[in-house]
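What follows is subunit A paired twice: with subunit B in the first complex and subunit C in the second.
And then the complex of A and B:
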């Protein structure tokens, strides 16, 4: 009896420890989501910040706007391309560099520098070095006889992909390297004794053991690239035209440039639903695997 | 005989690994390297053709940036420092007790932990518009505290995951000993868990500070003048009256330096925190 009441007292004080976090998240994420929901069904504007109910007009405007689908397509395609290159390159590099880095953490640190930089500032830096007239990269290419306008219409898509890949392959590399290093030496040695060497041990032992890390890397990089905003915004502002408008930039433009608030909010809600679906599906997959 | 052939293959492989390392390191770090070098060049050296890699360095652009009449860059630096520090402290204060309660009593572990850890997968733009209006209503627009709250939200998932991992590794006997001595949960948290948490606290602080410092989207949307962070302020050098190469490069260098330095210490935790989230989240 006394034990039971002791236990509930513990539980109660444990719950008290959670209260601040819950209140904070509720106030700063739950409440805005509710505002979003209401706005998406109202004719809110900068002048009329409460708005009145207009039914699903905003959603109709959102889904009938071909630019939304264009932006969505850009984001999906961008995320698939970047994730594939980043994870592929990182995996190959882990197998090449692991023996070199294992006793030299400072070398790993050098490779990690790009991902410490704000993507927005990374975008500005690339803007400097890719500048048609004075940027270091075009100047050298010109000396070798190539004239490439990296920020022009023809190559801007490849450029924003390349910047994302160059900044975040180190992240994928780090996660996979960490996973690779935790694969115990005993296991490797056991494999060597059994006569499994080189590629065989790589494919039959190491890769399966790194699979959870691979799943995480793919998920995190996909999500991150899908919601890309910073470096594209400072580099192109989503242009030329809508060529590099990701879904995040699209919502930003609807809101701050065109001032079509209702539609912007409706797209936000649709994006939220899509993201939640993706997260739930991904979680199911991970749980089923493990 | 066989041994020497092996060792020769090994040394060739070793050499090739070095080649790959140097190539990759130069490739991914090229913009950083180039920008930092440019920031120390005189205008004449910046415009030199072909680009100069060896030159006598100057600090004129740093002086120009910090004394610029158009862009109050030193104020933006201060903003970023305050926002990142406050946001990080908020996140730690909110998540450490919660992590303790979750691990030791299992409260909220099955629902709150997955919800919060998955938050980092949501596109932040979703919350941009309601935040804009909310902040406008309560007067938090363009304030440091407003952005500190945002950076707190952004860092709560990673802080919580790392603290949950930490509390799991604290031997339960220590808690029980304190409990027998009659200490309440709060006291145990304060006197037993908190002193042990210094290493993980440092890791959370480093990562959270870096992520806050690098935040751009909300800085762009929610500030105009007073609370502009470095990431947003640095872009002012580009958009206003064309690009001034030297000052822009100096501003960039200042803006990327703090996270770069902290990152040298913090990077191992990024790998661990990501993998910990997978196993425990």
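And then the complex of A and C:
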């Protein structure tokens, strides 16, 4: 048997093995994508459920609506700010707490607690905790002579960012801690013998070795923060005005409240295209670097 | 002997089968969650299951979605043809949206029903001439106020003088205190300013009032009494949109003046029903506009000791057309997809009788009872008389507010008007956005 025919057989069986996965993905993603594509070109509503073809009307309505751009801007800004703070804080915490957690690994579980609360519940919790009259935080701050209104117009943006950061920094911390723990002790010791300690060890040995995990955590947190919905919807409903309306809240309202399903799906498709472009560019960069 | 036994057994089996075929199946009801109505409705179901339901061998059970996103979940379910519930929630403001997914129940609305629930509340469950629900709860708004504080304002010369001074300084006109049931919107604003500590350091409350300004459609319902009392409406008789009118501008300004002068808590833009209750109940404000459902809570000294026994209720302040209140009813109707139409109808027919409605009212629900029944339960629920009176005298439903697009319009108003109140956008822009949205919605 020649090497070429062996390779062809190998390829054929590999392709055959891929068939179930492709069928599964096709059913799970392909069908909804196709039906959504149809919806985005139709006047579908809850009343007619299929709708009739309206061309690119929904796309025109979507891109000419300033509220979509405002929501998109909010989501991008929110994602950049939250990701930066979460990953930055997680990195600092990893370097500070790593020696402690090596000796007492059970403490990691405590740090993970905020992540285990559902985001909607987190919104409800902070609605109570930060209430000017009944909330524990404003009451104690007032007793100390500081009157802070966390849910007022001037500070609501910072508050929703802070809640996101408090909830999801543990996730970034967990990934980076795992990456930090994979750096072998021998390597660190060798570096120390060569005179690389503290700052130099961190920036020239640890961080480069943690880089793949760092890229992944930035990627995941950005996507997650970009599609933020729950706690903001519970806390502010996207307001006041549209000040805290994320793109997910915007799509939700178009779909369920305005009953303009076609336009809502058109916005989703546009977002999908934008995301795909970003992912392709990011993946190419990662592959090229690696 | 054996033959006789077989025959007897056969007859027994046949009788059981026959009785089973005439008995009704169990039904499931999707109802609006939240106290006190939820507990009251469970009591009504217990009554049904132990009386009429037991007689028909049909048990009724209730399911609830959470309040957040309730309507969206229900809409998705009925549009998908769900048969998980047979009886479902209806509401005046979205009866047009849900009508395609419901079975009209005009055949159930007999003259006897009008002796139990008021005729005008049945009207609020109609869309395009057909009735879709038996109304179970009437919702409208009262002016809730602290009797002790408003009385002192009207009798204490020092308070009076301060009130006049503040109104002249901030509103540009010298106003004198009045009893709450004589207030117009200027009195409402002036009183809010007077009872605000940052304006009047001697105020016994931190803020004058609490406005519910979360970006939420129900908050627009609460606000739009300011518009209707000045003659405003969504549309005129010819169907023209009339939001860009002096009445709407005045209504918007009332909230804006109070917000800008910080006579409402600074985080009011995240407030809805619950937050407003806790602020008023804690004695931090002197009065507020609120849904009628809160009355039993404030009369409960274990829950709100600061307010219990001092609660005053009045109609909303008057505009050029006198006082007005938005009102709507929640009710129960039939899911079009149900396979248990007879059972659902049997339940609704029973629900529209005196005994369950009286029980519901006594347990904390707010059914829109007909006059005779209302008088019977007035001893337990005195505010129910007031509700009936207010609905009849001051109640309004905006033109177009029962259409399939009403919820979307309310939501758009909430986005734009809360934006104006908190300084995100200008009034003209907010109104223009709402008008554009309404034109689009009504054109569809």
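To be clear about the criterion, the second predicted complex is superposed on the first by the 264 of 290 C-alpha atoms of A that agree within 3 Å, B and C clash if a C-alpha of one lies under 4 Å from a C-alpha of the other, contacts with A are read in each partner's own complex, and residues count from 1 in each chain.
Just so we're on the same page, contacts are C-beta pairs under 8 Å (C-beta built on N, C-alpha and C of every residue); 3 or more make two chains touch, one makes a residue touch a chain.
Worth saying up front: this structure is predicted, and the values here are computed from it rather than measured.
In the superposition on chain A, A:49 makes contact with both subunit B and subunit C. Once chain A of one complex is fitted onto chain A of the other, the partner contacts of A:32 are limited to subunit B, with no touch recorded for subunit C. When both complexes are overlaid on chain A, the residue A:253 reaches subunit C alone and has no touch with subunit B. In the superposition on chain A, A:131 makes contact with both subunit B and subunit C. Shared-chain residue A:240: touches subunit C; no touch with subunit B. With both complexes superposed, B is the one of subunit B and subunit C in contact with more subunit A residues. Taken together, the two complexes place residues 49, 120, 127, 131, 134, 233-234, 252, 256 of subunit A in contact with subunit B and also with subunit C.
Residue ranges on subunit A touching subunit C, taken from their complex, read 46-47, 49, 120, 127, 130-134, 149-153, 156, 233-243, 245, 252-253, 256-260. Touching subunit A in their complex are the following residues of subunit B: 14, 17-18, 20-21, 24-25, 27-32, 34-35, 38, 46-47, 49-51, 93-95, 97-98, 100-102, 104-105, 107-108, 112, 114, 116, 118-119, 121-134, 136-137, 149, 152-153, 156, 160, 184-186, 189, 210, 213-217, 220-221, 231-232, 234-235, 238, 243, 245, 248-249, 252, 255-256, 259-260, 262-264, 266-268, 270-272, 274-275, 277-279. Subunit C makes touch with subunit A in their complex at residues 68-69, 71-72, 75-76, 79, 97, 100, 213-217, 265-267, 269-270, 275, 278-279, 282, 284, 404-405, 407-408, 411-412, 414-416, 418-425, 441. Contact residues of subunit A toward subunit B in the complex are 10-11, 13-15, 17-18, 20-22, 24-25, 28-29, 31-33, 35-36, 39, 49, 93, 96-97, 99-101, 105, 107-122, 124-129, 131, 134, 136-137, 139-140, 143, 166-167, 169-171, 174-175, 177-179, 182, 212-213, 215-217, 219-220, 223, 226-227, 229-230, 233-234, 247-248, 251-252, 255-256, 261, 264-265, 268-269, 271-272, 275-276, 278-279, 283, 286.
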